[in-house]
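This is the structure I want to talk about, given as structure tokens.
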Amino acid sequence: MIIVVKKEARENQIDILTRWLEGQGIRVGRTEGNNQAILGLVGNTKSIDEEFISQFEIVESVRRVSEKFKRANRKFHPEDAVIDCNGVKIGGGHFAIIAGPCSVESEAQINEVAKAVQASGATLLRGGAFKPRTSPYDFQGMKGQGLELLEIAKAATGMPLVTEIMNADHLPLFENVDVLQIGARNMQNFELLKAVGRTNKVVLLKRGLANTLNELLMSAEYIMSEGNPNVIFCERGIRTFETYTRNTLDLSAVTALKEMSHLPVVVDPSHATGKANMVEPMAMAAAAAGADGLMIEVHNDPAHALCDGPQSLTPAQFDRVVKRVMAIREAVKATE
Amino acid sequence: MIIVVKKEARENQIDILTRWLEGQGIRVGRTEGNNQAILGLVGNTKSIDEEFISQFEIVESVRRVSEKFKRANRKFHPEDAVIDCNGVKIGGGHFAIIAGPCSVESEAQINEVAKAVQASGATLLRGGAFKPRTSPYDFQGMKGQGLELLEIAKAATGMPLVTEIMNADHLPLFENVDVLQIGARNMQNFELLKAVGRTNKVVLLKRGLANTLNELLMSAEYIMSEGNPNVIFCERGIRTFETYTRNTLDLSAVTALKEMSHLPVVVDPSHATGKANMVEPMAMAAAAAGADGLMIEVHNDPAHALCDGPQSLTPAQFDRVVKRVMAIREAVKATE
Amino acid sequence: MIIVVKKEARENQIDILTRWLEGQGIRVGRTEGNNQAILGLVGNTKSIDEEFISQFEIVESVRRVSEKFKRANRKFHPEDAVIDCNGVKIGGGHFAIIAGPCSVESEAQINEVAKAVQASGATLLRGGAFKPRTSPYDFQGMKGQGLELLEIAKAATGMPLVTEIMNADHLPLFENVDVLQIGARNMQNFELLKAVGRTNKVVLLKRGLANTLNELLMSAEYIMSEGNPNVIFCERGIRTFETYTRNTLDLSAVTALKEMSHLPVVVDPSHATGKANMVEPMAMAAAAAGADGLMIEVHNDPAHALCDGPQSLTPAQFDRVVKRVMAIREAVKATE
Amino acid sequence: MIIVVKKEARENQIDILTRWLEGQGIRVGRTEGNNQAILGLVGNTKSIDEEFISQFEIVESVRRVSEKFKRANRKFHPEDAVIDCNGVKIGGGHFAIIAGPCSVESEAQINEVAKAVQASGATLLRGGAFKPRTSPYDFQGMKGQGLELLEIAKAATGMPLVTEIMNADHLPLFENVDVLQIGARNMQNFELLKAVGRTNKVVLLKRGLANTLNELLMSAEYIMSEGNPNVIFCERGIRTFETYTRNTLDLSAVTALKEMSHLPVVVDPSHATGKANMVEPMAMAAAAAGADGLMIEVHNDPAHALCDGPQSLTPAQFDRVVKRVMAIREAVKATE
């Protein structure tokens, strides 16, 4: 249920209504529209009488929502969200390039890569410390130590950090991380979604291997319904019958998500294709399709990377990708 | 790496070898073969010199394993595993029928269903207390209170309990639960797998929506490599392009898993099809294909169930299914 | 549009109505219901005035059909169809076992296999003469010569023949073939469907690699709307992300198709799994699920078969499969 | 088997070798490399002795090909193919825009659309005359009459025609058609592929609903092994679990196909997405990914189109798409 509050309403009047609703066991989220507040009611709203609510002097309109999701829904938030990642903005025309190695491997490695990608135009640094791996016998990341090395690279470059969290109990370790990544395998780990929803950190939510766009939107809703509005979607390829590429990049998801939601969408061509030579054309295609950013794996020595070497770019290759992507962005904007 | 120990080896000799290996940072798992111990080495075994190990007097043979999984692998455990669920066995010829409602809704409901399914031949009671739902606004289960109601039904019937766990922090609440279910969406929630792997409870591991059999085996390996050998697989349908059924039941997975692993495989025709009228033929087909058990949703009033009503059987329908499944089982055994 | 004719209607009255409808450019199909005729109107029925038709003395009722398919629809033909394949019946309780090699390779081979499978209980002989192969450089079958060898085996055993047709221009060569198989790749080759629909031969219609059940029903409708009611469905596995098996056998399709259509459904476990050791359990499962028959590849020397050797059974393996399947059939019938 | 002929070889010498090979039951295809001929041997080459062939004075080298396809393989034809569609080139830097209605509906409609799309920059005219439809009761196209109307539009505009052929027997009707389209459902209709392979018309080969890139390449090989080298690939979306779009556009296929084959690749964003509002971003993305052309549905009155209205653009929308695509093309070329 959505309550649109009149422009002239005073804060204490809104408070009274909010507290009354909460007394009915309803959670109330508040969004600022064009100079007026919009209250989104979450919970069993069946018991709330629309006519009764309409009687409140400050209420402009009430409507029951047949939409399955609310906070992530563009219908209730027509303007693009602009997500601030500790100074770097994504969405609403702000294009972000997230780059770095699949895994943090050493201080020298992460520093070298961070400086190289920053020089080429990356604005956020990625690097895996906790790594989800199909096999328990594969390298699982440097964990806490990896986070410390990321912080050193952040201090050296000033780039905000993006890294994956797999366990809510690890949250205290992520204090200096700017963007919490939820990996594809955890897209429907609802307990983890709720936990990051109770923080105020930006969450980069990757689409699951075989999850529909509707399910992705609902997972964003899990995070947002806990109070955290800072969600960024990431399309990273879906699982299909085709085996030539690691996954099948679904670029129509960019258009679809931006139609249904006001949240930004970034594209990860590295995991989507699993092949370094496909990163450039798919990054360019993502920019042409209207993505709000890219996430690209870069390694100073792909042949010896501890994970995902075959899909990592060298810094030189990455530099070329950024230039070409920026040219595409210009063409997109020039013809809007 | 696998070390086969000579039959005549004494325990203290095996201990010395084990402790030496552990000193090298290797975890050592022990399986009892035909009157002789087999040691499975987990960790970075690249540094272990095979020739050096062969020098130990008690070592019969050493081999590097190209197999990606070890503890769940039939090659290293040729006989069927028989998993004891607090008195009810599954595997190695023991067929188990797990039945109950999708969600626990009330004491009357769970007691009524429990007694009914027991009378028809069910040997384990299922019921959801913590429910993973696509939407944060859907019924999320009765949670801790639901577990208490399950315990009441267990006390009344003596049936061991099977119920889903979504968060390792909830483990203390599951003390009286006999089988921890890992749901399809958490099949690659590796942190949760490791947490249940550190318990000694039986784990029912459901196949993910779009996970390969190889990935399912590796997830079992995550649990087992933490020390818990009590894993049961559950095929519950995979996501395909077909929309007539909720999922596509992959019965060839039963044969495939039993070929690759010694662990038991149960089939859930309720979630696989999403349609009550398909549960009977698919349950019969699963029995014919050699499954070790079934998991079936039964509700005393499917039309008013709080979740998954359309796929729940009435107790009378369930009774008929059990009779027909048992007739199939007899035909399978009579012609072996 | 469906016209139910009164029981007391005389043939010449029905003729008059039929001819009038045909004069409007409508094709009229006739089905015999419980002692009364049902006319199914195919074509642009929008121009037909229901009220006008209702005025005919012999018309009991008229209704516009929202169903997308008519002739293959169980709603208009509640009893199971029994398809007569030159003396061997399939459907309505008649279970058929179709067996033989993937490809006809020589007179000795096809005769030896035919006699062996007949001795074990097969009632129809299959064998590929025209083979659809992914590569133009792979063995394409013995073509016309292969059909001649099949005819020799038919003469020797009396078994009706099932073999694939890929080109309507080949129809004259198939005069002595009893069941025309439409392969998975041609399930939506609508021109071929219409061509076999203009014959009076039984058509075995295989489900396409990625075709929904609804599309399969519509393809049957293509055949039947040309006048040929003798269609048998064949589930042979669908293409999914799983690569362990060649395809994923969808046994729920058996139940679904028999619910939506009155036509028989056979299952091909050989192509569905691509693995000989899976044929037995999947054949048993298909029988338990209520299939009307099986199609199984048998070769006297699988290791040297010119195609699909890994999925072919030896005659001895086939003999065991038939025995076990028959035991399952007994259990199914005994508990109905 | 591939035979590279020495540069100094005379034609009559090549003829002698070719005739000898043909006498062995081998078909010989000839490709012109850098000033020297390359012979591709098709058929059972196992019986051909490499050493014997090497003895021929004109033979530079012989090698057995492990490649599964030859004529469509970039390894044997490193330069991009440029396909001439009656004066309009595709491939090797030539970008083609194919546009027109899903179905030809009337002379006025096809003329109006043809002139509009030509004015916006389209260089080839598409329009369906024979339409493959899932249901036999849906509009099947104007057939022969539709072809005549297309010819009128071609005469009026000079645009070469692209239209689908479903039956080899219809070939005489397609005499004035410049590009024969093989639809997705017929991608593995091998008999039709061979038939169009025996013509010298350009063939636009659409990827099947669930066909791998390898299978698509093999289908091109079917056409080319009959002697027709003029094949253009068309990516038009694949079938996945996602239902928001009609299909899932696989743009990585563009990069993959151009890596494996020298043949041009065009993209059909209309069928891939099934939504008019997605055509623009996906057309731009395809251009950014390096496609050699686009095929776009345009209708003068999408709301009343006899088929596929929801995915058709108006001429005004199409005009904007072409402008934006051309800007992307410029950006791609400027940064190469």
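Just so it is clear, A, B, C and D label the chains in written order, and each chain counts residues from 1 on its own.
By our rule, a residue touches a chain if its C-beta (ideal position, glycine included) is under 8 Å from a C-beta of that chain, and two chains touch if they have at least 3 such contacts.
Owing to the predicted nature of the structure, the values given are computational and were not obtained by experimental measurement.
When chain centres are defined as mean Cα coordinates, A lies farthest from subunit C.
Between the interfaces B-D and A-D, more contacting C-beta pairs are found at A-D.
Subunit B and subunit D have centres, each the mean of its CA atoms, that are 50 Å apart. As a whole-number value, the distance joining the C-alpha centres of subunit A and subunit D reads 39 Å.
Chain contacts: subunit A has residues 210, 214, 239-241, 243 touching two or more partner chains.
The touching residues of subunit A, counted against subunit B in their complex, run 42-43, 68-69, 132-137, 166-169, 185-186, 188-192, 194, 208-211, 214-215, 218, 221-222, 225, 239. Subunit D meets subunit A in the complex at residues 210, 212-214, 238, 240-245, 248-252, 254-256, 259, 272-273, 277-278, 281-282, 284-290, 323-324, 327-328, 330-332, 334-335. Residues of subunit B that touch subunit D in their complex: 210, 239-241, 243.
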